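Paired with subunit B in one complex and with subunit C in the other, subunit A is shared by the two complexes that follow.
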Partner chain A sequence: MTWSPKRRDVLAGLAGTAALPLLASPAIAKAQPKVVIVGGGFGGAATARFVKTYLPGASVTLIEPQACYTACPFSNLVIAGLRSLEAQQFGYEGLKAIGINVIGDRADDVDPAARTVTLGSGDTVSYDKLILSPGIDIRWGALEGYDESAASVMPHAWKAGPQTSLLRQQLEAMSDGGTVIMSVPTAPYRCPPGPYERASLIAHYLKTQKPASRLIILDAKDEFSKGPLFLEAWAEHYPDHLEWIGASDFGRVISVDPGAMALSTDFDTYEADVANVIPPQKAGEIAARVGVADQTGWCPIDPVDFSSTLQPNIYVIGDATIAAPMPKSAFSANLQAKLCALQIARELNGETPAPTILANTCYSYVTPDGAVSITGVYSNEGGQLSSIEGSGGLSPANPAPGVRAAEAAEAEAWFQQITQQTFG
Partner chain B sequence: MATIRIAAPDTASAGEVIELKVLIQHPMETGYRSGPDGKRIERDIIETFEVTYDGETVFEADLQPGIAANPIFTFYTRATTSGPIVFKWTGQDGESWSETHDLTVE
Partner chain C sequence: MSPKALKSISIAAISAAMAFTLSGCSAGDTTAETPAQAAETSVADGDMLRGQTLALTCSGCHAGAGDAIPDYYALDRATLEVRLLTYKTEEDGTTVMHRLMRGYGEADIAAVAAYLTAPGEG
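Showing the complex of A and B:
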């Protein structure tokens, strides 16, 4: 395995904006270009900041209905009772302070011809460039029985916030000896290793607080991100508290019944005391309305600048995009934001957007003080995203003492850095 | 012995259309893939699947290398009389696996 050295080099190279060459001259072709961003997560907030950095003269507007953002990375620690939800929340004061106009409203629709965004209030905002960072929405009903009301009984907790708290409360209220069941869909979905990190931390909670209880993962897949590392950790730490059932062993959930707290696979029905249903997903709702999502429910983009291939002057970044092999992660969304901001700045300066190198690192906790990671490095040359062979890496199996703890410390440093850089 | 799973009703009323769902665990190796040693992995597929109900064939399929591992079939038939439903798979080299489900028609 190509562990630390290579990966550290990559991360060092990407720290801050070092990987993105600053523009030689911020001379602006158009006097005051209007750049509007929809969505205030790791993608949208970072786009606003970096457009303002690269084009100080631009008018930058961020449209986000929530007064503060609740981050998904690290929210599995909240579910396991190891972190407060408040530690996941970030406001927009930092962005306002650098001159970004933050509108606390919903973007309801976009008119690509008139280049305007209609807000929930009915007001419109016009743009020269529009960046959509809408994240994901749940495909209600795609899993039989799983609609919006089912989510209040069988939380998905796949958007951080009230759902995170609900799942936490259910785990706390469950009596010892209970069965927790998690259902995991096929790709693509937000945060490929997320379900398995969550399972690790829930298993830790059960083992230490409710030792007669157990967690069953019903998976629609046979293989998953960092699979061997998770399986190794589970065998070591949670042999009596966590069971993973893959698709070949009939783990694929095909319907749920919230009234009976039942989850059915093709051949079996499981009853749960707590059910965490991670359902099939799609790009955040506005994407379909604006016409930047295709029949898959996700948004095709040109990976050189993340411009939509379906609508002019509109860019899409983050979980909503079709950017495989880049995963749907905060790290990816954040880097795509910087790239998109840079290429928009280049274009508005009369330059041509040029190919770059992209990367992603995902950390996953396997215990409260131990983590594993996977890193990918990607090229967008020729308008195609591809993994660069021989780059990236994975944490080692059978690690030396201290390796998992060192990665947990790296994970925490990463979260500090990315949230600080994005929200200020 | 391959694992076989069947989902079918034990009882049905005469004339009722019933769903039969059946899966067999099998690698369905195409013969086109290479293993870690670079050598081609030998083809190993199920070639036919046949279902009889009270001695009469009610479903038949030819399987090809393009069909994924652990093939699953879901189909419908009309319950007419009490009797055995026999599911039978035959591999490329003639080996076969079968399982019987008894249906009672009331």
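Showing the complex of A and C:
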């Protein structure tokens, strides 16, 4: 069945049912609030669609410089040669079709007092409510030697697009017998299990296409998301092609030298034929300029409606937020978007947003046809997100036949649903 | 509140749906029928609002996603509620839904089931 904005989960109440009874009131229809969203990923695009659906009379504007979005989930399959980059790309026609104004420019700055966004063109857009979904940016230089030019030699591929293709091309060009090195930072960073899914799929590529080659993961941590399940899969599938070195074994990379293709830890220097440096990160650049990021580089929010605790009438969702234990994932960003849109609609209707329960599910491939998952359930009462005891957790270890394949099929279905819901 | 949203369930319906759920059918089956309703329970506005908020999570995966993830729109309220409660209480369950539903109380599960199966297609 095809999701559409006509479905009851977005239109209930507006369509005259009891689900959101007061939203259909004429006062809101006349108010025509101006809602502006910056960033067209899983958070921003979903916010735009759901605000427009909850508040059909609102003027909804999405500001996003890229003509199409390249999704990070499933992009590790592209790196391993198992999927095309085009399958990751989504345009904004689905947003325009329901009356959302999509501006193909970057948001340069925001004046919270005047409630205006300044575009790259110099034009300004005024708002009543501003939602920032800026994703992540790299903290260039936080890892010694890793600046923007280093990324063209040692790709991070942590924003999907040209970096994804570059890493893929480097793996293809590498001679058999080569060494691939991946550097992983400490938390917080986008997609906690992402490095380990990527490692699994690169190891699969090496095992099947370049069997004399191997991958070494140099990790700044001793424990990682879905760790027991990845370690189990690696021992089973890639014992000769993947080695993980944690912080206690001096796995933390402290500097890189792109000219020498070298990565140094406290103990050793590793030379790579292909180096994938996943660097320290922060909220997307605009967050700091607008004043919604704190000294950590990330954005504190009220978890009930994802309003910034630092600036009025501005909301922040997705990877840019401080929302732990909720992870920086596409699922989280999409859910935070929907919740933010609903709470804004309720607030404009004179209601007080109430706490609720949120959840997250992330799938990771461990082989091309097998996946594992992690789930979490969270309360946003008391001004913070907290895990609900006794819930969530990992796929079973040593599973019955078919469990990993079933979760891989779920992963594919999830990707189809969330991209359709987000981009139309 | 629209009378249409005052969808009723009965003990008989829950029993029938429970038997259906526990009989080993796949999660994709959607053919359970709700028997004639007896003891009616209505859903308060507040519960529908709560259900609407809670259900935002569900649509991250469900509806339109194909065979691997079932479409809850195809279920009736009692079937959906019992299925979710079963996920919550099956101690040896390891699926994503088992792990998720352990975080939800029974009242919230009822609110979600009521909201998702309420009439109101636009």
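Just so we're on the same page, the second predicted complex is superposed on the first by the 395 of 424 C-alpha atoms of A that agree within 3 Å, B and C clash if a C-alpha of one lies under 4 Å from a C-alpha of the other, contacts with A are read in each partner's own complex, and residues count from 1 in each chain.
Operating definition for what follows: a residue touches a chain if its C-beta (ideal position, glycine included) is under 8 Å from a C-beta of that chain, and two chains touch if they have at least 3 such contacts.
As the structure is a prediction and not an experimental result, all values here were calculated from the model.
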item: Contacts of A:Gly392 with subunit B and subunit C, given as first, second, both or neither; value: second
item: Partner chain(s) touched by A:Phe267 [first = subunit B, second = subunit C, both, neither]; value: first
item: Partner chain in contact with A:Ser84 - subunit B first, subunit C second, else both or neither; value: neither
item: Touching partner for A:Thr186 - first (subunit B), second (subunit C), both, neither; value: neither
item: Subunit B versus subunit C, judged by how many residues of subunit A each one touches; value: C
item: Partner chain in contact with A:Thr208 - subunit B first, subunit C second, else both or neither; value: neither
item: Subunit B versus subunit C as contact partner of A:Phe250, first or second or both or neither; value: first
item: First, second, both or neither for A:Thr309, with subunit B first and subunit C second; value: neither
item: Subunit B versus subunit C as contact partner of A:Gln384, first or second or both or neither; value: neither
item: Residues of subunit A that lie at the interface with subunit B and also at the interface with subunit C; value: none
item: Touching residues (chain side subunit A, partner subunit B) in the complex; value: 247-248, 250, 266-267
item: Residues on subunit B engaged by subunit A in the complex (per definition of touch); value: 5-7, 21, 23, 25, 69-70, 72
item: Interface residues, subunit C side, partner subunit A - complex; value: 1-2, 4-5, 45, 48-69, 71, 73-74, 94, 96, 99-104, 108, 115-116, 118-122
item: Residues of subunit A defined as touching subunit C within the complex; value: 1-3, 6-9, 11-21, 331, 334-335, 338-339, 342, 354, 356-359, 361, 373, 375, 377-378, 388, 390-393, 395-396, 399, 403, 406-407, 409-410, 412-414, 416-418, 420-421
